[in-house]
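Several structures are given next for inspection.
Shared between the two complexes below is subunit A, which has subunit B as its partner in the first and subunit C in the second.
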Partner chain A sequence: MTRGGPRLAEAWQLVLPLTLFFVVFVFAPLGLLGLVSAYNEPELRTMGLAQYAKFFGDAFNVNILVQTLSLALKTTLLAIAIGYPLAYLYTLAPRRLQRVLLLVIVLPLLTSAVVRTFAWIVILGRLGIVNSALQTLGWIDAPLTLLYTPTAVVVALAQIEMPLMVLPVITALTNIDPNLTQASAVLGAGRWRTFWAVTLPLSIPGLLAGCLLVFAAAASAFVTQTLIGGGRHMFMPVYIYQQAIQVYNYPFAATLAVILLVSVLAVVTVVNVLGHRSRGFVHG
Partner chain B sequence: MGVTLDRVTHRYGGTLAVDDVSLSVQPGALIVLLGPSGCGKTTLLRIIAGLLGQSAGRAVIGDQVVDALPPNERGAGIVFQNYALFPHMTVAANVAYGLRARGAGRAAAADAVERMLRLVRMETLATRYPRELSGGQQQRVALARTLAVSPRVLLLDEPFGALDKNLRLDMQIEVKRLQRELDITTIMVTHDQSEALSMADRIAVMNRGRIEQFATPEEIYDAPATPFVAAFVGTTNLLRGRLAAAREGFRVELDGGGALWLREAAPCAGEGEVMVVVRPEQFRLDPEGVEGLAATVRMVLPHGPFIIYELSLADGTALKVTAGRGGVAHRPGPGDAVRAALVPGARVPVFPA
Partner chain C sequence: MPAGAARESRGSRVERWSFYAAFGVLGGAAVTLLAAPTVIVLITSFTSAYTLKFPPPGYSVRWYRALWESSPEIVAAAVLSLKVAAAATAIAVVLAVAAALALARQRAAWARILDSVFMSPLMLPLLALGLALLVLFSRLGVELSLTTLVIGHVALTAPYILRTTTASYVQLDPTLLECARALGARPWFAFRTVTLPLIAPGIAAGAFIAFMASFDNVAISLFLSDARSEVLPIRLWNIIESSLDVRAAAVSGVLIGATAVLALVMERIVGLSRHVR
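Right after this comes the complex of A and B.
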């Protein structure tokens, strides 16, 4: 017990503004969303589960959800494949180089997602950097279709959300006691064994945190999905936008939003449970 | 397997951490590197283990120069100060780690693990995780893990620093037992002089990257080679004065008032300014006497079997004297005038000031 310091009974007032903010701008809209999704018709006349029945009754809708989650999953896997080595490199780099690397890693966060997305359009377009480079080299005759493909969306999203993967992994890696890897070396393990048996398992909590952030961000990345995907591939955020803004079917849009939210939350919960189990190994 | 260090020097950036250290450890001996923090003792240990490459000099294990060998090929096992147990592995997996890394089969490793855990009396806790163990138990596991790969040399970095006092003594006995039983050359680093005095066959006292004295605990305590060793090991009174030859020996006129007669003066016998090192137990109190240094009692600290008196000489110089509890008819109290005389036959080192 701390004496003399602020008590809980007094300190709760400090979070009052935040609480109000959350109630008004997060919980109330969410409640409203749930409420609107429970109307049977766009004119909000009778209540029921018709919208949910409509969603799950049509393979087209379910497929969009599957595509969205699969997009988020692929983005997460690519972010691991590129981000983990980068984070590992950062921890091995000398201090001066670390500062430069950190700037490079954080830089994407300092520009808006729209700007980053347009950068990818410039890179991947028919007359973009990649195509003109390949043509100049004479490796291809006609421009390749790089933009407006699902792969392009995954690649662009992985780059855009990369800091969310790299930063938690760096934190986890730098928290590993350097004596552990030295102990491993003295006991006879080579670099690879040390990495697989000691470093990687102990960095799992950070890796899972990174996966959560990237997955959730990728599943709801409206701008990138739309602009890089080019509208040819439908994902949940675009679908919601279409239903709400273009078709004025608020109940169905709300239903789509609730379903996306619940799906992402379910994934987050599963990963969190795994994370808690692995965190148990690391601390204690 | 012996260990020899031949003129080893190590620099961190611009600072000299280890300064031209030569040391020879006999096979099967337990030696202690003793010194204050930052004296270079842990650096030296890491150089032997191969975790640091020295700037100059050679390290030899057995009759093999190991400077070019990576840590895992040196045959030196190190137990870290914080034990560095793998937190995500069970006790058994920790102990098996080195064996598996060296290519032992599952069954062979399991046998060895069982044997090692029996050796450190941890066989019942094989399936626990490190976080479920006490400090002493973690240390036993760390020892078992290191010893499992049969190192030629055992290196211990501040092994008892994280243990509470009672456990510390138990583990000191345990480590000494293991060391004897396995007859393994052991180099231990500590800043705790009592730990060093009680465990070591020989002690290397280090200061500022150099070895001040390498000798048995008795010699270190009774015949310190330098003022630093005298001051660092045990409690001492450092008294300044002027040395002069006198009838049947030497006489030291103390700056603080009074004089001491010595039969011999070593290591410094030249006349002039000196520093005399007197252990508290080399003084005896003589309340009514006329001999010895005139002093006033400042404080009396009863310490169980003996009593520590804090005295001050005429000019205020503090003097510590210990006396047995029994046998004193009159026990002086604070403010009393007393005389502090050298115990007959006390060997008192004299250093040039």
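Right after this comes the complex of A and C.
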């Protein structure tokens, strides 16, 4: 028992309801999903690895997985590029401005992702702001097709998931001991050198936490992938949906879901291990 | 050497200036990028035209009127979404606050593991969980209903409440509770009069974020809502995907306005942004 915390017996009573809920409605279903993926045919007659063989034996399927993971990776990198300067700007800003900035960062997170995806359709559409600006400038004659391209999905997703990157980085940056940057300045390092040598390395744990959130969100962003990507660019989430709801092939849908789940978890685990290393580096 | 010193200070001035300019410009661009799309949708929702042309050729509230007067299916979807989010949040508050009280001050390995297990829905592709629950319910012969939808949403809302409640409980000074006990307060009385009032803002902030997450969720609802009951985000997704109806802009306008107002109210009452970090 720790000071002020409940005794172990009480702690168990308090934690039991949520634990039971998770066992019954998260882990049991996920286990069942794994089980269903191990049936050879949609009628669930014989068990085997036919679904996995089907997935990995077909370049079409593997390509969808690769596209999904590469989409998530590109989105994460772009979110770092845009989000990190914003997080750093927050630490430079005076206190009053910080409150406003934080609200500007948090508000989109609370606003519906469908709405924020729709915003990108309005922006990138044939009559959207980008096309009308380019036409007014006389740079193009006919509207460009900006929607329904993989690049559009990356840009929209990076903007939509950016707050997930910015918030943990802000936490990491504000936790840095100001004595360290002052020491760096006193020892003669300029602002840039201090940033690259002290601030950036010390913020890596927050950066990695943000990367995990953005990567996981981008890999399973059904709404943005379908609306901005259009029908021609298929990613894992919509493939799962089609196989389950439209084709009723539950074993194959379950296989796709397991593969997506395992891929995301694998990335999360690797980054977590790296994160522990970098924390060791920070304190060492 | 005064000349050398002047040159040096000029160099450091340039160095400092370039540093602040770079972060000011990049950070400012990020702020614009973050806010502009929402503002553009809000402006578009007041268009008088039949298209999503931006900037709009004229302004009116016709699409808001169309939404209110001749779109019963959208209003019904919004009502269903509110019901599901309210029920899921209420259940998740009870489950997650209890768990947070138990886990917050435990340093043992089992407590850390349970904590990351409960937080896992934030990292998992929720689509997989939605499909998994659908498979579970159909194997058990349970028909899809409001209840099955709410169950799915409890799993996705619990982590938010767990996180904010844990954070405010950890900040609570344990001597306060020891005082209450020393003065003879029974555990439940001490909880009601000391702990709960102090962690209430954390719970409220978490519940609000959880409510919004549930209200916006597509991944789980996609699998767990039956043909008759369509939640608002899926309805909106359908409208945008099939017809690009301008009513989608009006729905977006309502959601943006409601979210902003609620968030500002929560910011004033419980300091929402403090709990998000």
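Methods note: the second predicted complex is superposed on the first by the 275 of 284 C-alpha atoms of A that agree within 3 Å, B and C clash if a C-alpha of one lies under 4 Å from a C-alpha of the other, contacts with A are read in each partner's own complex, and residues count from 1 in each chain.
Methods note: a residue touches a chain if its C-beta (ideal position, glycine included) is under 8 Å from a C-beta of that chain, and two chains touch if they have at least 3 such contacts.
All values derive from a computational prediction rather than experimental measurement.
Colleague: In the superposed model built on subunit A, check whether subunit B and subunit C fit or clash.
Modeller: fit
Colleague: Based on the superposed arrangement, let me know which partner A:187 touches: subunit B (first), subunit C (second), both, or neither?
Modeller: first
Colleague: State whether A:179 touches subunit B only (first), subunit C only (second), both chains, or neither.
Modeller: first
Colleague: In the superposed arrangement, does subunit B or subunit C reach more residues of subunit A?
Modeller: When the residues of subunit A touched by each partner are counted, C comes out ahead.
Colleague: Measure off the angle at the C-alpha centre of subunit A toward the C-alpha centres of subunit B and subunit C in the combined model, and quote it in steps of 10°.
Modeller: 80
Colleague: Between subunit B and subunit C, whom does A:115 touch in the aligned arrangement: first, second, both, or neither?
Modeller: In the superposed model, A:115 contacts subunit C only, not subunit B.
Colleague: Applying the touch criterion given at the start, work out whether A:171 contacts subunit B, subunit C, both or neither, answering first, second, both or neither.
Modeller: second
Colleague: Given the touch rule stated above, what does A:89 touch, subunit B (first), subunit C (second), both, or neither?
Modeller: So A:89 only meets subunit C here.
Colleague: Should A:203 be classified as contacting the first partner (subunit B), the second (subunit C), both, or neither?
Modeller: Touch status of A:203: no partner.
Colleague: Just how close are subunit B and subunit C at their nearest CA atoms in the overlay, in Å?
Modeller: Result, nearest C-alpha distance in the overlay: 6 Å.
Colleague: Under the contact definition given at the top, report the residues of subunit A touching subunit B in one complex and subunit C in the other.
Modeller: 190.
Colleague: Residues of subunit A touching subunit B in their complex?
Modeller: Residues in contact with subunit B: 177, 179-180, 182-190, 193, 197-198, 201-202, 278, 281-284.
Colleague: Quick one: which bits of subunit A touch subunit C in the complex? Just the residue numbers, please.
Modeller: 2-6, 10-15, 17-19, 21-22, 25-26, 28-30, 32-33, 36, 82-83, 85-86, 88-90, 92, 99, 101-123, 125, 127-129, 132, 159, 162-163, 166-167, 170-171, 190-192, 195, 212-213, 216, 219-220, 222-223, 226-227, 236-237, 240-241, 244-245, 250, 253-254, 257-258, 260-261, 264-265, 268
Colleague: Using the touch definition from the top, list the residues of subunit C that touch subunit A in their complex.
Modeller: Contacts found on subunit C: 12, 15-16, 18-20, 22-24, 26-31, 33-35, 37-38, 40-41, 44, 51-55, 94-96, 98-99, 101-107, 111, 114, 117-118, 120-129, 131-136, 139, 151-152, 154-155, 158, 162, 172, 174-175, 177-178, 187, 209, 212, 215-216, 218-219, 222-223, 233, 236-237, 240-241, 244, 248-249, 251-252, 255-256, 259-260, 262-264, 267, 272-273, 276-277.
Colleague: For subunit B, which residues are in contact with subunit A within the complex?
Modeller: 49-51, 70-72, 76-78, 80, 82, 84, 86-88, 97-98, 101-102, 129, 131-132, 145-146, 149
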